Amino acid sequence: MSTARPRRRLPATLVLGIVLLSLAAGLALLSLVWLPFELSDTSGGRLEGPSARHLLGTDTFGRDLFSWTMVGTRIALLIGAGAATIALVLGLAVGLLAAFAPGWLDDATSSFLDVLIAFPTLLLAMLVVAVRSPSTTSALLSIGIASSAVVARLSRILAKRVLNEQFVTAARTSGTSWPRIVLVHLLPNMWQTLVVNIALLFGIAVITEAGLSYLGLGVPPPNASLGRLLQEAQATVLSAPLGAIAPGVVIVVIVLGANMLADGLRAHFDPALARNR
Amino acid sequence: MGRYLARRSFFLVLSLAVGMVVIFLLLRLLPGDPANALLSIHATPEQIAAAREQVNADQPVATQLAEWTSQVLRGDLGSSFISGQEVLPDIAARLGVTLPLTLIAFTISVLLAAVLGFLAAYRADTWYGTLFTGVAQVGIAVPVFWVGTIFVWIFALRLGLLPSGGFPRGGWADPAAALRSLALPVATIVTVMTASLTRYVRSAVLDVLGSDHLRTARALGAGPLDAFARHGLRNAAVPVIAIMGVELASTLLGAVVIESVFTLPGLGSMLTRAIAQHDYPVIQGVLLVTTIFVLLVGFLADVTQRLVDPRLQATITGAHV
Amino acid sequence: MSALVTAEALVTVADLGIATRGDAVVQLVRGVSFAVAEGERLGVVGESGSGKTITALAITGLLPGAMTVTGSIDLAGTQVVGAPEGRLRPVRGRDVAMVFQEPLTALDPLMRVGRQVAEPLRRHRHLRGAALDGAVRAALEEVALPSDERILRAFPHELSGGQRQRIALAMALACNPRLLIADEPTTALDVTVQAEILDLVARVVAERRMALLFVTHDIGVIVRVATRLIVMRGGEIVEEGPADEVIRHPRHPYTRTLVDGARLLDRALDRGHLGGGGISS
C-alpha cells in the first residue's frame, strides 16, 4: 500500500480562529481583574486622543475608552456564549422532539422553523426584546431564542438521518430505550456538525448583540456594550474617530475568529470537504 | 407546476396567518393589563384610554385577535399610541425610503457578488482570488452600522462628498437629492451583503467546478470556460437562488439598522422608536408588513428555484425534507 | 514487465508516477508502464486505491486537484504529462473519450439528454440543424436506446441507470475517439444491466475499431471485454499479459487471490444473469 498515513495537522483556519478568539478572551479575562480606569471614572479630559494614559482616548464624558472596550469585549463574549448555549439547548430539544414526533407534527414544526429562519436574527431578537425591556438578560434570551430555530432545523435533519440508519433500527427493534438511543447513537453522530454551527452562531450572536445595543435595545447603561459604544461615538466621530473604530475592530476580531474556528473545525472533522475551502 | 403553485400559495397564506397570530400574541405576553403595560409610564390618561379602546382590552384574547384580523383585512392598521397617527399611511410613506434602499443595495450586491464569487472560485489559486475570498470572509464579520459610521466619517465628514444623513423633505420629488441621500447607505449595505453573497457564489462555483458532469464535458473536449458556461453556470445558480430569499430579508434588515446611522425616515427607525416606546400598534403594523415582505420573497425564491431545477419538479413532496 | 511498444501503439505510458501535493505527499502511482495498440482492448484490474482510475484519468490530463505527475504519456503523438491545457483540449474527444462510473453525476442534471448528446456531435463533427438532429438519433440507436422524443427530452434523473450510462457512452462515441476509456462503467448499475452494457461496449468498440481501456475492480467483468490484462496494486503493475493467460495461470500471488475470489463467487452464484464467458469456463 502507499506510504504511511501522515499525521494530520490542524487546519490553518482553525488555528487562526483560536488565536483571534483567544486575543479577545484574554482581553475579557483581564478586564475581570484589572482595568486601567474604573468605568465610572470621568477624570480624563473630554474627547482626548490616544495617549499613554488613555490608550484609546476618552469619550464625551471623559471616560477611558480602553477600559470600556475591555469590559464591552467581556460582555460581548458572555452574551455570545450564553445565547449560543441557549440556542443549542432549546434548538436541540425542539429538533430531537420533531425528529421523533409523528409525521404531521414533524412536518408542521419543520414548516414553522423554515418560516422563522427566513427572518434575520436581529429582527427576531428585537421582537423578543420588545416584549420585555432592554437588559442584559433580555439580550441573552432574545438572541438565544432567535438563533435556536436554525439549531432546531439542523438537529431535526441530522437526527432523522441517523434514525434512518440501519444500526439505529437494529437498536430500536432490540428494545433500546429512547434516551439511550439519543445518547449512544444520535448525539455522537450529530455533535460535530452541531459544534461547527454553534461556533458560527456564536459569531452571529455577538454581531446581533452589537446591533441590538446600537439601536438602544440591548445592554443598557451603566453596563458596557461594544454596540452602544459605537453608537455613542458616532456623534463625535469627526473629532474622536478612534472611539468609533476600536469597538468595531474588536467585534470583527471576535466574529472573524468564530467564523474561522467554524471553518477550521469543519475542515478538521471532514478533510474531504477541505478541498472546497 | 400548477399544482405546486397552488400548494405553495396555500402555504404562503397559512404562514401569513400563523405569522399574524404570532405577532399578535407576542405583544400580549406581558402580564396584567395589556394596554397599560405596553405604554410608557409617561402616558397620559387619554392615551391609556385610547389604547385600551383600540386594543379592546376588556374582551377575551380570541375576540381581540379576530377584531384585529378583520381590521387588517380592511386595510386599517390602527393608530399609534404615542402620536395618534394612522399606522398604515405612515408605513406606506416610509416604504418609499426603505424599499428603494433595500432593492438597489440588493441588486448591486448580487451583481458584484456574482463576479467576485466566480473569480474567487475559478481563479482560486491567484492572488486576487484569494484576496476576494479573504475580503468576503472579513466582510461578514463586520457590523453593518460600523461600516456606515466609517463611511460617514470618510465620505461625508472628512471629504464632504455626500450627505451624512437625512432624506429630502419632499421625498422623491427631487430624485437627484434623494439618490444622493441614499448613496452612502446603499454603499454600506452593499459592502456587507456582497461579502455574504460572494461566499455563497464562491462555494456554489467551487462545487460545480469539482463536479463530475463538468469533468465529463472537459473529457469530451470542452475548454474549462466553455464547459463552465454550458454546464456550470446554471448548476451553480441553483443553490444561490435558494438563499436569495433569506439574503434579501437580511438586506431589508440591514436597511432597518442603517436608517439609524443615517437618520433616514424609513421603516427601521419607525420600528426602533416604537419598540423603545412600547407603541404596539406601530410595532404590530411594521412587523406585519415586514412579514408579508419576507414571506413573499421566500415564495418567489421557492418558485424560481423550482422553475430552474427540473429535479425539484420530479418530487411530489412539499416544502420540507 | 514488458511494455508493448510497437509502431502502432496508440498510447504509450512510460514510468508514470502520480503523487499528491501539499501537506501530505502520497505516492498514488509508481513506475507504471504499458501501451495500448490501435483497436486493442486492455483491461486494468485492481481494488480501490490501486491507482487504476487515476492512471486512466492521467491519460486525458484531467487529474483532480493538485497532483505531481512524472514520467511520460504519449497519446497519439501528444505528450500529455506537463502539457498545457491549450495543447490537451483538442486531443480530448478526438483522440480519447471517457465514460465514468456514476452516470447520474456524470451527466448535467439540468440539461436534457438529447442536448447533451448533441454537444460533442456539434463540436467534433461540426453538425448543425437537421443534420445534427439526425446524428443525435443515430447516436442513440447505436447504444440501443429508442430515439424518440421522450428520451431526447428527458433529464438524466428521469432515466434508469442503464439508460444513463448508454447516454454517457453515446456522448463519448459521438466524438469518434481513437481510444475509449471506460472507468468502472458498470459498477454503479444493477447486475442484470451490467451484462447488457458490457456487451454494448464490446460491440461498439469492435464495430468502430476503437481501442479500449477498461478499468474495473471486478475480474469477472473484465474477461467479457478485454483481450489483454494489467493487474494493479498499491499504485504499481503487478502482472500483465493476455487475458486468458493471466486468468488461467496467474503468476503473481495477488492476481491469484483475485482470480480465486472471482471463481468462488462464480461457483456460489447461479450464473444465469452473467451468461457464458465467466471465469470458470
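Letters A, B and C mark the chains in the order given here, with residues in each chain numbered from 1 onward.
Operating definition for what follows: a contact is a pair of C-beta atoms (placed from the backbone, for glycine too) under 8 Å apart; a residue touches a chain by one contact, two chains touch by 3 or more.
Quantities reported herein were computed from a predicted structural model and do not represent experimental measurements.
The chain with its Cα centre farthest from the Cα centre of chain B is C.
Contact counts per chain pair peak at A-B. In this assembly, the C-alpha centroid of chain A lies 21 Å from the C-alpha centroid of chain B. Our note on geometry: chain B versus chain C, Cα centroid distance of 50 Å, whole angstroms.
Separation between the centroids of chain A and chain C, computed from CA atoms only, is 50 Å.
In chain A, the residues that touch at least two other chains are 275. Residue positions of chain B with contacts to 2 or more other chains are 210.
Residue ranges on chain C touching chain B, taken from their complex, read 60, 62, 64, 85, 89-90, 92-94, 97-98, 100, 102, 105-111, 119-120, 123-124, 155, 157-158, 168, 171-172, 174-175. Within the complex formed with chain B, the residues of chain A that make contact are 107, 110-112, 114-115, 117-120, 122-123, 126-127, 129-131, 157, 160, 203, 207, 210-211, 214-217, 227, 230-231, 233-234, 237-238, 241, 244-245, 247-248, 251-252, 254-256, 259-260, 275-276. Within the complex formed with chain C, the residues of chain B that make contact are 210-213, 215-224, 230-231, 234-235, 238, 308-311, 314. Those residues of chain B that touch chain A in the complex are listed here as 11, 15, 18-19, 26-27, 29-30, 137-138, 140-146, 149-150, 152-153, 157-158, 203, 206-207, 210, 245-246, 249-250, 252-253, 256-257, 260-261, 271-272, 275-276, 278, 283, 287, 290-291, 294-295, 297-298, 318-321.
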